[in-house]
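The structure's right below; bear with me while I get my questions together.
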Amino acid sequence: MRPSGRDVSELRPVSIETGVTKHAEGSCLIRMGDTHVLCTATLEERVPPFLKNSGLGWVTAEYGMLPRATTTRMRREAAQGKQGGRTVEIQRLIGRALRAGVDRVALGERQITIDCDVIQADGGTRCASITGGWVALRLAVNKLMKTGEVISDPLVDPVAAVSCGIYAGQPVLDLDYPEDSEAGVDGNFVMTGSGKLIEVQMSAEGSTYTRAQMNALLDLAEKGVAELVAAQKAAVGA
Amino acid sequence: MRPSGRDVSELRPVSIETGVTKHAEGSCLIRMGDTHVLCTATLEERVPPFLKNSGLGWVTAEYGMLPRATTTRMRREAAQGKQGGRTVEIQRLIGRALRAGVDRVALGERQITIDCDVIQADGGTRCASITGGWVALRLAVNKLMKTGEVISDPLVDPVAAVSCGIYAGQPVLDLDYPEDSEAGVDGNFVMTGSGKLIEVQMSAEGSTYTRAQMNALLDLAEKGVAELVAAQKAAVGA
Amino acid sequence: MRPSGRDVSELRPVSIETGVTKHAEGSCLIRMGDTHVLCTATLEERVPPFLKNSGLGWVTAEYGMLPRATTTRMRREAAQGKQGGRTVEIQRLIGRALRAGVDRVALGERQITIDCDVIQADGGTRCASITGGWVALRLAVNKLMKTGEVISDPLVDPVAAVSCGIYAGQPVLDLDYPEDSEAGVDGNFVMTGSGKLIEVQMSAEGSTYTRAQMNALLDLAEKGVAELVAAQKAAVGA
Amino acid sequence: MRPSGRDVSELRPVSIETGVTKHAEGSCLIRMGDTHVLCTATLEERVPPFLKNSGLGWVTAEYGMLPRATTTRMRREAAQGKQGGRTVEIQRLIGRALRAGVDRVALGERQITIDCDVIQADGGTRCASITGGWVALRLAVNKLMKTGEVISDPLVDPVAAVSCGIYAGQPVLDLDYPEDSEAGVDGNFVMTGSGKLIEVQMSAEGSTYTRAQMNALLDLAEKGVAELVAAQKAAVGA
Amino acid sequence: MRPSGRDVSELRPVSIETGVTKHAEGSCLIRMGDTHVLCTATLEERVPPFLKNSGLGWVTAEYGMLPRATTTRMRREAAQGKQGGRTVEIQRLIGRALRAGVDRVALGERQITIDCDVIQADGGTRCASITGGWVALRLAVNKLMKTGEVISDPLVDPVAAVSCGIYAGQPVLDLDYPEDSEAGVDGNFVMTGSGKLIEVQMSAEGSTYTRAQMNALLDLAEKGVAELVAAQKAAVGA
Amino acid sequence: MRPSGRDVSELRPVSIETGVTKHAEGSCLIRMGDTHVLCTATLEERVPPFLKNSGLGWVTAEYGMLPRATTTRMRREAAQGKQGGRTVEIQRLIGRALRAGVDRVALGERQITIDCDVIQADGGTRCASITGGWVALRLAVNKLMKTGEVISDPLVDPVAAVSCGIYAGQPVLDLDYPEDSEAGVDGNFVMTGSGKLIEVQMSAEGSTYTRAQMNALLDLAEKGVAELVAAQKAAVGA
């Protein structure tokens, strides 16, 4: 029995509210149960130095947590003078995941930065950031296409992510914090709307797992991502 | 004529929504027009080293802006490795302002940290942080009083803040960003519910002002703070 | 009765010695009683990026304290790897205050940096820095006018600052450290030689104040600044 | 055809030389072709604060690259004032991977730090670090068992890692740098000597992959890890 | 011919003014020609962790330059977020030099920190810091002896330092900045009042030197240090 | 009697193995007994800003220690966020020493960076770094001369370094760690193949020394450097 009473293959309630900040080129507030992440897309007509004059675009991401997004207050990273290892690891994952779904030639030589800021955390913030981040990205690209700055759609297939893990011996979909802190094995699965894999990260903490268990989690992830992609499409009106 | 069409002594629409995060001991989302600040209060049963065994409580504040709270994206302070001078200056003001309204003996030897994170900025974020911060503080203290951990109310008089400035030659209340960026003189006024002053900061940028102008702004501020205190009281059900 | 035996409206003995370092374009050592600040002006034929090709000049300030300027030794900020919040707040104030008295068109596209280093501290270091900083600035501008690089004087009116506070229930002028550490309300007042206001910062620490008290402090400040401006004029031979 | 002429399921020549530094409790130099990593184990009779009095041991890892381990010189992280995101991500992986193979009750309340320093890089440095790091860990634990400080062996099953990827459309084992920089999909696979999975990280860069491709890489990884475990056992004389 | 017209074995005019700050336990302003350094001694009844309960005292030093101590303004180290390599190198030398002249058993378990802040620089600041630093140290120790906290004098022999170099082919004593910037070979010589050596640092920049040249500089240094020690003694009234 | 049983004027066994990394333009692993340092030379066709268009080349050095190069593990400097004072002091010495032996006009406007990374430490790492660093430099310059990019040899005379000290009252050559930690006086001597001096650093820690003792150490150093230069020549095949 899951602490939330959910079925093993049941996502938390998902809501994606778009247009939540007036300044960003794209934005949404994604809620996966009690995990709430504000995602904004910033469009800039410049690229990092290594892409100058390449004709290729760039998508990158930054991640943060408000100090009291968690049960006990965490120290503010800006006040500590550096981003923690976990933050760095997560924002590199978000950037890599979103880039995998972008045709960078079609985007052209410009950069889109996705900021994912966790307002409230209850497990699965990196997956929610990817799913919500893609919505912000989609909205920013829509603007570029509306103005004709971009002709061919660089986002051919949505990108979404979900976590799965083995909780109380049972493979379950979309871990919340009480499950996540108990699970000996958990994974984050980034996939496309058409069911292709982009990134799999599956770790055991003080434990191991079998290929059969891995496959069971992949099956759950496929189901979850399909539902998340439907929510993304509804949110962006596609 | 003000860009927003407001009267010279008219606040922007104010809304204070409480209980917006499930983890914090007190929280609110304050909206002053398009300026939106999330304020949380964290209660800890410890004090800074200089207050150990003093019997006195402590209230402190931290301030941050999401990178895309503004028209153009600002670099994330955590990624830059330090808080900017403006951030430091603001969070010191918020802490000082709120402490002035606290009976630290009555609070007892515990610390309350107020985090003010700007979700969307349109001028006046430091004043909104003080006004909303007091609401979060009030809610956290209410919890302490309900459990009997605190007997005598340490918050005898609400604390709120508003900015005023001279825009197009005219003293106006509650500057928004278009006004703020044009005003040669502006001030931040922190006051109590009973009309006492806590902090006045009034600066000219490339200009000067007279005592008569200062008094005009103080008159406006008194009116504005009275309205904000009414909104605070409504929000906390007092 | 004040600890120093001074009258309530009496400044500490003021001395401003100019030309104290051979390298700087302008310099002075200002002594307000036992508070001693070395102020130097550095002239550079460049401006910050945001003023490139604007035709406008820039005046900025940096502030520091020698580690043993105080009763007990403070850690050296360079060794700590960052400037403290108080330092940042003060140097922003000094820069803003001095800029308010500069005609930046007349100065032309060049930068003057005022360094204020506290050799010995006994309260009121930020005000002494502003008063002494203006003298260093004046001397550096004099050089520019002598060589004809600047034609129209960009410093039309001196800028000076003084602190006032309520000590033992009494408004007093120019707080020294024993008074400052006891005062529940104190303010820093930056004004011009012609009596205009540039910046007022008046704070209560764990207390509040009335407009009547504020006016009493402003009256004292006007008297004090007039005397400081006379000392500035004497020092620069104007 | 692979640039190195290797067969698709062929590891680079592996050599593990132990006892390479006189100070460390365990050490080895692992060479996977032209990738050379020096791994040392440091034993300390203390644990991180969160494990004080828990009876549990801790294994952690740090990773670094000498500046000229690579084709062009990289800036020294110590001189830059921080570890890069890639470094942080890798050392977290190494620590997690090794911990998964440790019985922390059997180890007792002590800490072993594995330092992995890349002397020369040609792809696959994180996997070589895990494989070599386990050897250093094994040697340090052997010392503890010899002295009787540890009775029950906390390392029941070796831990090793290998990368696989899709190069020129073909799944291949143990990518070297020329392959790694071309591969659109690659993964790092951490497993135990008995074939259990510890961590799978499989990413597409600007691309996607199928479950069939994932399974093909897992098959290769199982073969590679088995050979690496044999090399580990030979190196530690087990 | 030296730029200053001095004889090859002639020091710059030396002046050591004591008691220049009211807070420090010992202080002086040392002037070697246009090089002016403020030296303060801070006494603390604690030692670094590695000396706890050793019965031994500690003497350490910190060094800084005001930003406009030099011909062109240097960036403030506190604002840059770290001390430069030259600063670190110099302050380690000062501490080592002064410690060599201290009987740390006689001093007892307490720490004296010597702060050397360069107000104006014209070459030889590290040597002036050592010579002036010893005076500040002497004055602080005198206080300890007066109160009886220290019985046996821990400073048996004064410590002073001077630079020498080969300028225009000629060995000269006490380089000023114009000489220092031209000299291909220069050295810093720390000695005691009785003529013993404490530290010799003699470097060639893009050049080499012979033992005969080294000896010629040592002869000059002996003469110079003897004169400096006489000035130290006069300053402390010994 | 020396702990190692060596004669007072006997170097530790020296070995210099070249070509130890495939990427660097020059490299060697130098072993002075149990002190092992990996030295690499990186050639870049650019110079620091202050040498742009000067026609002059630049040689600089960086130094590091692997965390477990020493008896007890030291914290990794990259993880601490800065290089320690000792590291900075040493790398400045290495750079200065090597530059003294370079004809920077003959080198032409290019930069060579020498990285010295201590794999295992047993005293004398800075001297081994200079001696080994020169070998790496020589090999990199040989490449430039082979291709004709440099015509006139910029390295006319080898540069090597050795430490000497007074151990148990006796001047001894080439201190190892047990001697170094006991010696009250020690020095580092950098010389050329033809016996000229480049840098002498001779310090007493809590002690003093005479000119006669200094001369005794210099005599030993001359003998030691001559033997090291022979080893350098053998290593580079000159």
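Each chain carries a letter (A, B, C, D, E and F) given by its place in the written order, and its residues are counted from 1.
Simple rule for what comes next: a residue touches a chain if its C-beta (ideal position, glycine included) is under 8 Å from a C-beta of that chain, and two chains touch if they have at least 3 such contacts.
Quick caveat: nothing in here was measured; it's all calculated off a predicted structure.
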>> Taking the mean of the C-alpha atoms as each chain's centre, how many Å separate subunit A from subunit E?
In response: 59
> Distance from the CA centroid of subunit A to that of subunit B, rounded to the nearest Å?
Replying inline: 33
> For subunit B and subunit C, what's the span in angstrom between their mean Cα positions?
Replying inline: 28
> Going by the touch rule set out above, which residues of subunit C reach two or more other chains?
Replying inline: 81-82
>> Which category does the touching pattern between chains fall into here: line, ring, star, complete, or other?
In response: ring
> Round the ring, starting at subunit B and heading to subunit C first, what is the chain order?
Replying inline: B, C, E, F, D, A
> How about subunit A: which of its residues touch subunit B in the complex?
Replying inline: 21-24, 27, 34, 38, 40, 42, 44, 62, 64, 66-71, 73, 76-83, 87, 113, 115, 117, 119-120
>> If we count contacts the way the header does, which residues on subunit E are in touch with subunit F in the complex?
In response: 82, 85-86, 88-89, 91-92, 96, 99-100, 102, 104, 187, 192, 196-211, 214, 218
